[in-house]
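Two complexes, one shared chain (subunit A), two partners (subunit B, subunit C).
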Partner chain A sequence: MTKKKKNAKKPAPERRASEEKATRQEEAAAAKPKPGKKGSVALETAESMARKQREISVSEFFLKNRHLLGFDSPRRALMTTVKEAVDNALDACEEAGHLPEISVDIAQTAENRFRVTVTDNGPGIVRSQIPKVFAKLLYGSKFHRLRMSRGQQGIGISAAGMYGQLTTGTSTHILSRSRNQKMAHDIAVQIDTKANTPTIISDDERAWCPEFFPTQPDGKPGKPISYAHGTSVSIEMEATYVRGRLSVDEYLKQCAIVNPHLQLHYRVRLMRSDDKDEKGPKTLPADETTPWISYFRGVNEMPPPTREIKPHPHGVELGMLMAMLKDTNSRTLQGALSQDFSRVSSKTAKEICERAKLYPNARPARIAHQESEALYKAINETSLMRPPTDCLAPIGEEQIVSGLKKEIQADFYTAKTRNPAVYRGNPFQIEAGLAYAKPGENEDLNAEEPVRLMRFANRVPLLAMSGACAMTKSTTGVNWKAYGLSQPRGSLPFGPMVVMIHIASVWVPFTSESKEAIAHYPEIMREITFALQDCGRQLSHYLSRKRRADEAARKRNFIELYIPHLALGLKEILDLNDRQEKTVVNKLGGMLERTHLDV
Partner chain B sequence: MTKKKKNAKKPAPERRASEEKATRQEEAAAAKPKPGKKGSVALETAESMARKQREISVSEFFLKNRHLLGFDSPRRALMTTVKEAVDNALDACEEAGHLPEISVDIAQTAENRFRVTVTDNGPGIVRSQIPKVFAKLLYGSKFHRLRMSRGQQGIGISAAGMYGQLTTGTSTHILSRSRNQKMAHDIAVQIDTKANTPTIISDDERAWCPEFFPTQPDGKPGKPISYAHGTSVSIEMEATYVRGRLSVDEYLKQCAIVNPHLQLHYRVRLMRSDDKDEKGPKTLPADETTPWISYFRGVNEMPPPTREIKPHPHGVELGMLMAMLKDTNSRTLQGALSQDFSRVSSKTAKEICERAKLYPNARPARIAHQESEALYKAINETSLMRPPTDCLAPIGEEQIVSGLKKEIQADFYTAKTRNPAVYRGNPFQIEAGLAYAKPGENEDLNAEEPVRLMRFANRVPLLAMSGACAMTKSTTGVNWKAYGLSQPRGSLPFGPMVVMIHIASVWVPFTSESKEAIAHYPEIMREITFALQDCGRQLSHYLSRKRRADEAARKRNFIELYIPHLALGLKEILDLNDRQEKTVVNKLGGMLERTHLDV
Partner chain C sequence: MPAPTKAAAEKPGAPEVVSRKAASGKISSIADGIYKDIIQKSKKPSMSFPVRSLQNVRYDTRRGHFEILGKKVTRTLSYTTVKTFAQSMRLLATTKNDLLDKDDIAGKREVYYNSKSWGECRFDEQPESDALLDDIEAMLAINREQLGYIPEERGGDVCGPIIVIDRDPSSGRPIRINCKELGTGAWSVPSRVEHLGFETKAKFILVVETASLFQRLVHHRYFDRANCVLVSMSGVPTRACRRFVRRLADDQRLPVLAFTDGDPYGYCNIYRTLKVGSGQAAHINRFFCVPQAQFLGVTPQDIKDYNLEDATHPLEEADIKRAKDALKNDPFIQHHKEWQKALEEMLRMGVRIEQQAFAKHGLNFVLEKYLPEKLKKAKFLP
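== the complex of A and B ==
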């Protein structure tokens, strides 16, 4: 006690030094080094190492590596959470055939804390699935199928909940009601990160209809809209809210552009003080007083529905083929080939068997063990139709141009939708669009700066990690000088222009689990390049037309300058009067008007 | 049958068209659409969706996303496999205190197929652990501890085996013998990707000592070296072998530079034909006839051993704190705080409890539920010592400079090792080095091109994904013009220079599971910037010294040019003879020699 007092009297730095020494000693004593050759760190043997080997749960892994999921900073955490929730809502609405109506409500709860609530009019989720869908990583319906959708991994929304839980200790709250339920489920879950399993914190039923609050075009609040079914998810987390290119605002704006069938209501409520100088205690403004920003539906039709496909034989590796033959429900090789793969009719299957010198009636599991290499070779030597493409729903050239027109004020627009192509057996389709403003016409687009690149995958805007994306790489790889733009070596072209690229695929290969950048598959980069070159050629026509027109105007101005002098000369030579001189000027001017100057 | 013959006679394209129609019809029939509103794609309900929800095993996930693990192209697959195997071998040798001796044998087995065999003199692996270590993702000893090591995730080598299995259907073969075993285990495993569990294909014992084959400096084969313990892993896979900046060769070369205590033997055996014109059937050259490339040990001492640390309280989030209190072995809050965290003595723990108004004897599990926020606040308000740094083993300035001197022929070298810093509670340390060649002196370094950046993390060279790395971003962010280099906006500086950056940390935050790029944590980027600026200032001194010297030489040449004319003038004025004129020239030259020209 005496010592403590003595310490307390010492000036701060010294006190800390003596305490540091004590801490160090205590730690050294706790470490208790085992005998070993080198210093005090124990050396390992095969046996001591074996005792330390442990399984790592996937949730522990991603908790420690949460930057892989897009939770590396409080700012990005907010964006990723909104993105995952909105993507899920859109997918659910589209699969159930409901025109999506979604609200995003962001409310500040403390200095660095926000609550994100996303509500949709989707089909709802049955009670038994709610805990796993929202509090188990790698769980979902989209991973095991080949069909175009926004979500594909079964990680996103559970990861957002896990991040909220990690930073604030709170639970993910879900409200969900399906069409034939009277009451909604009101469930709170957390994730047991050691086991990657959901823990149910509370489980109630209550009356609830998803409600949306549109703002009328004149800014006044409209009548609230409510639906008989839907889901609402609410997560509180450490986050910061900022505006700008990588913000929630920008994400939702771009989301509305590429999803014209989406109706979206959005608001951010920041804590503020009632005093004018913001000195008093800060509180959240009342619910009713904060207006919503509404993005209204542009079209009343859903995008064309997409079909699930089976894997294409030419994209299947030997090891995968063996696994598929082992697991097939078919009793014969011929049956397995024609039922489990796309583009293999029973006739083609027979042809493949013959080529591989195998009996069409052989047991698939036996082939998997013994003759799979011959079969694999035969499959790859057989010419097959390309994979079906009704699994893809591109945006379309017209929609891209009208989306760009709505968003970007410019002088020239063009778009190109490529035919579907294939990487590793997966069909994909690339679309690109350009909007070019006359220099000075659009103050957001500076002619002296790199063009603005907007990236989309399966109708989801990609904002972060632009540098790691195949779309950026392909855009810098195109020779834009050939189309009339300046371009420093290895850089994006410069100019008052927006470039938009979209990939639609049954499996988009992202460079990380946060799904913000496309991996550098050569097939994909080639298609992007072709789409951009097509747009570039259109741009080049526009620019050279524009240049010709500018040149003609310049020449005309030049000649116009001389007309009075010419008239004066004629007046002196021919001894004309002033009226006649004026007539000459007018006539020459008229001639110039009529002439299409050939530049 | 008749129809088939008829078809067979048709020219190929037509035949395919009719077949395509049949395939399409067959597929349409198989799809059997359920009734739904939109077209033929069935609409989902909450119930139908629930039936499709499934768990996704982590191995299925990474099989489909194998570009995340560094297996996106056959070329990169070979590099990633060698990297993962060598990293594991180095970690095992160092932890057991054996000076590492490693061989890497790459043999072509078919057109696009290679077998990679990596053998070490490490402590070996006990039998029961071998299947899980080599055929189960997320399994290992390094994830759950905080200590600097090359591996950290428990994914790498199993992922390499999984890729081999996927592309060739073969197993991973392991030979391992620990010090007190007479025979070695000879085990072949595959991974059951649906369950992420190992399947043992064969399990034998046989006599084996790991053997290494050095090449003497004169190029002749030396005596083989053998050890009583070690591990050898062999994986066959689809791959291509190329040389260059992103090759296995480059990886191993850089590996030897930052691990001077490593002795490495390496060879690649490519299939070739016996004919001179390579027309005959290709075979693999005999084992004995192919020499090894040996990198000999530079030092006979191990790097300083690193200690495992506990998490630092200031890097622990609220949710993590709650989980730790729930799981602690301590019975009291004070005990839990001082035993489970670093830099918390029992006295500090008591101080924290007092600040949070909690009893030091409270049950930790109760606190986790009810008063964790108060505790969290109190922890973050208490000033604590920074995390211990004996968990880090930087390379050191001297070693970096000598490594650079060994590898890069240049005129100026410098290096800087920063003091340890902390991101998210994890200690880390940044080192940087420069090697600047006189323009034209080193033909690999072009003065008109961006500088060459060499990146390392925990003594592992990072080759791929340079664009996504915080090291690249920080290097472009430094204002190199201030240090005398040219630098286009937003680009690396230009010049005949190599920049080397190393991060040492108990947990390196990589941007993807392939561990090739560092995530953009601001604390890390700041430290890199400071280290580079320090090196930049040294460079600037060197460059301005060099510039002054060049300038002086230029002036001297200029003055020398005038000495004869001066002498001639003096001769005429003073009427000197030729001998006297010569003396004047010599004397003036001597004066110039002695004078340090003040530029």
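== the complex of A and C ==
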């Protein structure tokens, strides 16, 4: 279906033509040998097999394995699309140093069809990059570097576009304007799934700038906010919108918690029914004037920019080491080691070479397989400084508390940012936060239920697969009873509480490409445990303070309840006057408060 | 049928009678002390009560009852005691203003319901008000009957050659009750007996545990045959019953004989309480004891003497525990070797016996054979 549409549209760009030519040649080559089929139905020859062997494009691979990317169900598709678009928008704003302002508009267009439009105030994207960014898988700035950022592989948004294209046949629409431009680019692209190249469907310019319509906390519309630069991407797809724990609503709320510097506007517009009581078939288009839900900014500082680092030798595997030696610009092995890796000085590099019995001056590209194994072994036997950790930008304890305060009504907040640590040569940093509501005061948090665990990686909320995540495992492993919560064996603690855990790393070890669960590295789990224990201690202080205060209040009430009766009894026996009775009440009240209420 | 002579009964010192005015004054002085503590000394008020248990009594052999020792508990006003403290004050105020000063009476349950008008200070359950009443009684060292509180339990039944002189509650006109001519019924001991007068020619008082045996004795007019006053206790004797027996015995110089079941409860609870009082009411035992009482039966020895081994029941766990506990802790039992022997004998035999067991030898065996023989022998346990 996609092919037909593509052919009917504009001619493909030049690059595509050359690639097509190459493919045709391959096909021709494969078609040449024509072994007779008679009598040898079951047997394949090398040639016949060769005819079937062909290159698989990345796009094709992911089309067939879309569950790996989070598009396995219509419900999840909507979630993943919003997630990828918001992640990209945030990364873009932060890299350009703009305090991010983002809107997410989800509009139902048919029973199982939604259009997702995500607009940001980022720096914009230059015209030539737009098609590749949005319609070429594995294209992006993030894969080839070791730097803390939300996206990693450069698959997400293009995959969302591809999913939309596959399920509805529509294109990804992009509006983008950078600061110096007068007009915005208005581009529609599709992806050539076979060649993993973008096909431009339309390419115009028009007057546009990103505009946001906040709703004030009191529910009244605020003043619209507009910017001179920004990007808006719009994808229509087959999807279902469901509320709840794994919903877009929850994702965006958590986004606002973990990014207190983000200002976010969000609305879902469902199709309406003819009937007044909304019971009949929903045929009317979604309401254009639906008000936005606004998550306002809690802090006005940007997170500090993150630095890119070179890989640490202890985190590199043999194959990667060989590839790096092949690609290095250095002329000597010693040079390659000291220049391409972090924490390897010239002297250390020499030491490694000696231990591996290799010449420091050997040409890196000529280190043979056997020798590289010796080198690999030598590297791991050499003690090295831990990788630099200033490449990480934790959220920070104050910011976590501010984010939690902003979105979760509670009585007690605390947060802990651990010092950076290292797993497999990758620096990472763990943060944890708690928000504890007085029982019954926050209707979302039930005291008789397990606490709500919110998981984040590089400021991205992780919603699905919580059972498989190292964060969940570490949380259940902490002895919360010691901090005053009840906890059934091997489960999350119970209480009216939100627990948030954040891992910041240049390379977050997810268990799969859909990026929902953290792998169980012992170093990571240990850090999570320590951070939670730290928060737990604060919680236990708070709870015992609260218990004491409750106790004092209860005692005060109790005392105030009965003292007047005592005085009345005395009054009746001794015929006291009202003034004397009052003096007795006051004096007794004072005496008991001094000794029983720790004031 | 020779009965113990009147001279054999020792006359104990009569308990003092506290006037309403004096009781009212005692309440006022306690309240005044509390008020002064609060206002003048600025210190937390406290009330002290004697400890009411067997641990805090001594068997006063001269006076013949359990005498309370000096152990006291002090209830100082605090967070934990403020409610009880307030209730005590209100109960004292009610006692003084509504009962003593107005010459009225109230039952325990009425006290409980009366507190329902006290708002937050009310008693939630009757045991709370009962306990507090006991406390106040002990603190004032005046028994609650004299404070105007009447017991609700039945006082005991009386039958026999005696005229009780009561008075009309409203006019005060004397009323003479001839307990010999009550037909098939009996006269009930009223809750307050201090005002009663007696006229009798009886030789002794026979106090029996069970109502059914009492019925049998009345039915056959045993009191004529033995010339005695019959009193039924129906279990542990009430205060009024004990006080009645005491007053009658003192007034007419009569010996008192007790006839209970042969089990540790009959010995250590019913008889001991009748004679020397209880640990729980140690503060008022001096009014409610019958030191001249002696124990007629059923003794463990009777089981053998009357061939009743096959009319017994094995001792139960609770019986054994009660007997051992009495041997170890009861000052009365510890004072009397005979009682120790009897209890040890019972434990050794491992059985208990009921008063009705004599029916084995015929329904009226008890009044035709057993009682006359025991009275003739005149060997009683102390």
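The criterion applied here is as follows: the second predicted complex is superposed on the first by the 442 of 599 C-alpha atoms of A that agree within 3 Å, B and C clash if a C-alpha of one lies under 4 Å from a C-alpha of the other, contacts with A are read in each partner's own complex, and residues count from 1 in each chain.
Everything that follows uses one rule, which is that contacts are C-beta pairs under 8 Å (C-beta built on N, C-alpha and C of every residue); 3 or more make two chains touch, one makes a residue touch a chain.
Since the model is a prediction, treat every value here as computed from it, not as a measurement.
Asks: State whether A:Gln339 touches subunit B only (first), subunit C only (second), both chains, or neither.
Replies: A:Gln339 sits against subunit B, while subunit C stays out of touch.
Asks: Return first, second, both or neither, reflecting whether A:Leu574 touches subunit B, subunit C, both chains, or no partner chain.
Replies: Only subunit C is touched by A:Leu574; subunit B is not.
Asks: Give one of first, second, both or neither to describe whether A:Lys587 is in contact with subunit B, with subunit C, with both, or with none.
Replies: A:Lys587: touches subunit C, not subunit B.
Asks: Once the structures are superposed on A, label A:Leu543 by its partner contacts, choosing first (subunit B), second (subunit C), both or neither.
Replies: Once the two structures are laid over each other on A, A:Leu543 reaches no partner at all.
Asks: In this superposition, which partner touches a larger number of subunit A residues, subunit B or subunit C?
Replies: It is B that touches the greater number of subunit A residues.
Asks: Who does A:Ile559 touch here: subunit B (first), subunit C (second), both, or neither?
Replies: So A:Ile559 only meets subunit C here.
Asks: Please identify the positions on subunit A that touch both subunit B and subunit C, taking each partner from its own complex.
Replies: none
Asks: Using the touch definition up top, name the residues of subunit A that touch subunit C in the complex.
Replies: 555, 558-559, 561-563, 565-566, 568-570, 572-574, 576, 580, 583-584, 587-588, 591-592, 595-596
Asks: In their shared complex, at which residues does subunit C touch subunit A?
Replies: For this pair, the touching residues of subunit C are 27-28, 31-32, 34-35, 38-39, 42-44, 77-79, 82-83, 85-93, 96-97, 118-121.
Asks: List the residues on subunit B that touch subunit A in their complex, please.
Replies: 16, 19-20, 22-23, 26-27, 30-31, 36-41, 43-47, 49-50, 52-58, 60-61, 64-65, 67-68, 72, 92, 95-97, 123-126, 128-129, 132-133, 136, 138-141, 143-145, 153-154, 165-169, 176, 178-179, 193, 229, 238, 302, 304-307, 317-320, 322-323, 338-339, 342-348, 372-373, 383, 385, 388, 465, 467-468, 488, 490-491, 507, 509-513, 519-521
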